[in-house]
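Notes to accompany the following structure.
Chains: A, B, C and D, in written order; residue numbering restarts at 1 for each.
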Amino acid sequence: MILESAVSAPLAPPLQISRWFNTPAPLDLMQLRGKVVVVHAFQMLCPGCVQHGLPQTQRLWQLFRRDDLMVIGLHSVFEHHAVMGPPALQTFIQEYRWDFPIGIDQPAAHNPVPLTMQAYGLQGTPSLVLLDRRGRIRLQHLGRIDDIMLGLAVGQLLAE
Amino acid sequence: MILESAVSAPLAPPLQISRWFNTPAPLDLMQLRGKVVVVHAFQMLCPGCVQHGLPQTQRLWQLFRRDDLMVIGLHSVFEHHAVMGPPALQTFIQEYRWDFPIGIDQPAAHNPVPLTMQAYGLQGTPSLVLLDRRGRIRLQHLGRIDDIMLGLAVGQLLAE
Amino acid sequence: MILESAVSAPLAPPLQISRWFNTPAPLDLMQLRGKVVVVHAFQMLCPGCVQHGLPQTQRLWQLFRRDDLMVIGLHSVFEHHAVMGPPALQTFIQEYRWDFPIGIDQPAAHNPVPLTMQAYGLQGTPSLVLLDRRGRIRLQHLGRIDDIMLGLAVGQLLAE
Amino acid sequence: MILESAVSAPLAPPLQISRWFNTPAPLDLMQLRGKVVVVHAFQMLCPGCVQHGLPQTQRLWQLFRRDDLMVIGLHSVFEHHAVMGPPALQTFIQEYRWDFPIGIDQPAAHNPVPLTMQAYGLQGTPSLVLLDRRGRIRLQHLGRIDDIMLGLAVGQLLAE
């Protein structure tokens, strides 16, 4: 299967977020234990994110009960920082009507790569990270992922 | 969840097949115990089957290991029998290059609805039936089913 | 441009049709002089026709005024004749709800290729033939043709 | 037909552009007389533009000879000005690899609507404007336009 074995899978590092959208309170992976968590790392000007990753994430959010599954967008800007700041992201979210929780990956002091992206070792956008109910990273995928494959992976984690 | 509870789910009736394609030997649900089984009931001249159901079934077949998952096409002709006979189906399979196992649902003597379709109570095509590893019907769906949703259901059954 | 020059373009041979669907009377290219004519040659079990060519032809039929433009489907069966006969085609037309005029290309006595297909020298299906208002063949294309390109060619002929 | 009659069509006002991309020199409608001109007015954070209008414009640009047809993108920002400035647009063009000429519609002093958008009376984005070889506005369309329909309109203008 495409999932990492539960035995060897590492615990997910905390999300380091400078600002949240679409959520009344900040989200904390510790408090999400017991749920399967899908994290979609994107940049608002990344074509593959806009055309495939974000619509797929939005559909996941609409399809499934939120008790079992949490969907999080992570805006991990590692290039063109000047034009993808918080006001630009806010407009992007509003115009595209994304309504799942989205957090801005905390910029680093002396590194273009933001802190959560560094901690997870993400290589680019779009990236998908799946956490099981115990907070372990069971899938980390760079690039486009097939809808059936994504559903299958999430389904397996939900059944554990 | 969309799956029927394992407790109340009925055992799947046997497939009644007059002819198989794309398999060296007839398939028997009893011998498939231990695997998750996806049965896609279609008619070769049903637009929803040709445009959505069959391509989705073909993708499932390509994506996953066959040890765990078996994918079966069921040609359940309940109308226009004269033009969807075995030679027409054979040409259809060849031209579209479907390569998963496909069985012809056994015609009934005095009923336009074939025997397997009757036994499962299928209401039309496309229909999707998901069996768990113990041969129970956990999902029966008439019409189009979303790729993510299908993956999720299959993933849950694989994880059981 | 993609169109054949009006000067060198040959006159289109007559359509040889054994049976018409979706038209109160047989269509005759001579009587269509003054209109631009789009002929889409297909086979009902040809995947490229079903997935692309026929939906595109149906859209052309819906989009444009019929005074200026005539759209004709030509069922040119050159293989698997036994399973693509008139009753099969009739069911296919009914199930897919194609509503533009469709004619069955007249079978030849000692040749699998039907008569109109022979006369036009069509190499397979899907094929598209565009006739100008004076009945000359200005485009003959085997395989998929882009929507914009098709619109452009038709637009140029309509403007002549 | 969908085109405005040549007799009643108004002359297109000049484009008022503060900065050009993807062109060695500014484009001037007067100098484009003799060509058919397609102007696609968009905003970089408008979903309908990104998903449909800009890819369609890019395809037009790739499909046709540039001697006959000129394709121009017009960045007409009338909302969220702060996040769709020139550096943001430049990144957007670079990331999506649009390679047709794009001009920034000149901002107005006391009006959120930029000057060219005002002069043409455009009601929003995406908008499409087609000019004939004599520089007259023959089509002005707000919202999505079908590929076949666009091709047809352009084809008619090319043939005049």
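Operating definition for what follows: contacts are C-beta pairs under 8 Å (C-beta built on N, C-alpha and C of every residue); 3 or more make two chains touch, one makes a residue touch a chain.
On a predicted model such as this, the values are computed, not experimentally measured, just so you know.
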Original post:
Out of B-C and C-D, which chain pair has the most contact pairs?
Top reply: C-D
**OP:** Sort the other chains by how far their Cα centres are from that of chain C and give me the top one.
**Re:** A
Subject >> Rounded Å distance between chain A and chain C, as computed from the means of their C-alpha atoms >> reply: 50
Original post:
Which integer distance in Å separates the CA centroid of chain C from that of chain D?
Top reply: 35
**OP:** Going through chain D residue by residue, note those that touch at least 2 other chains and give them in order.
**Re:** none
Original post:
What pattern do the touching chains form: line, ring, star, complete or other?
Top reply: ring
Original post:
Which residues, counting only chain D, touch chain A once they are in their complex?
Top reply: 45-47, 50-51, 80, 82-83, 85, 87-88, 91-92, 95-96
**OP:** Provide the residue numbers of chain A that touch chain B in the complex, in ascending order.
**Re:** 1, 56, 59-60, 63-65, 146-160
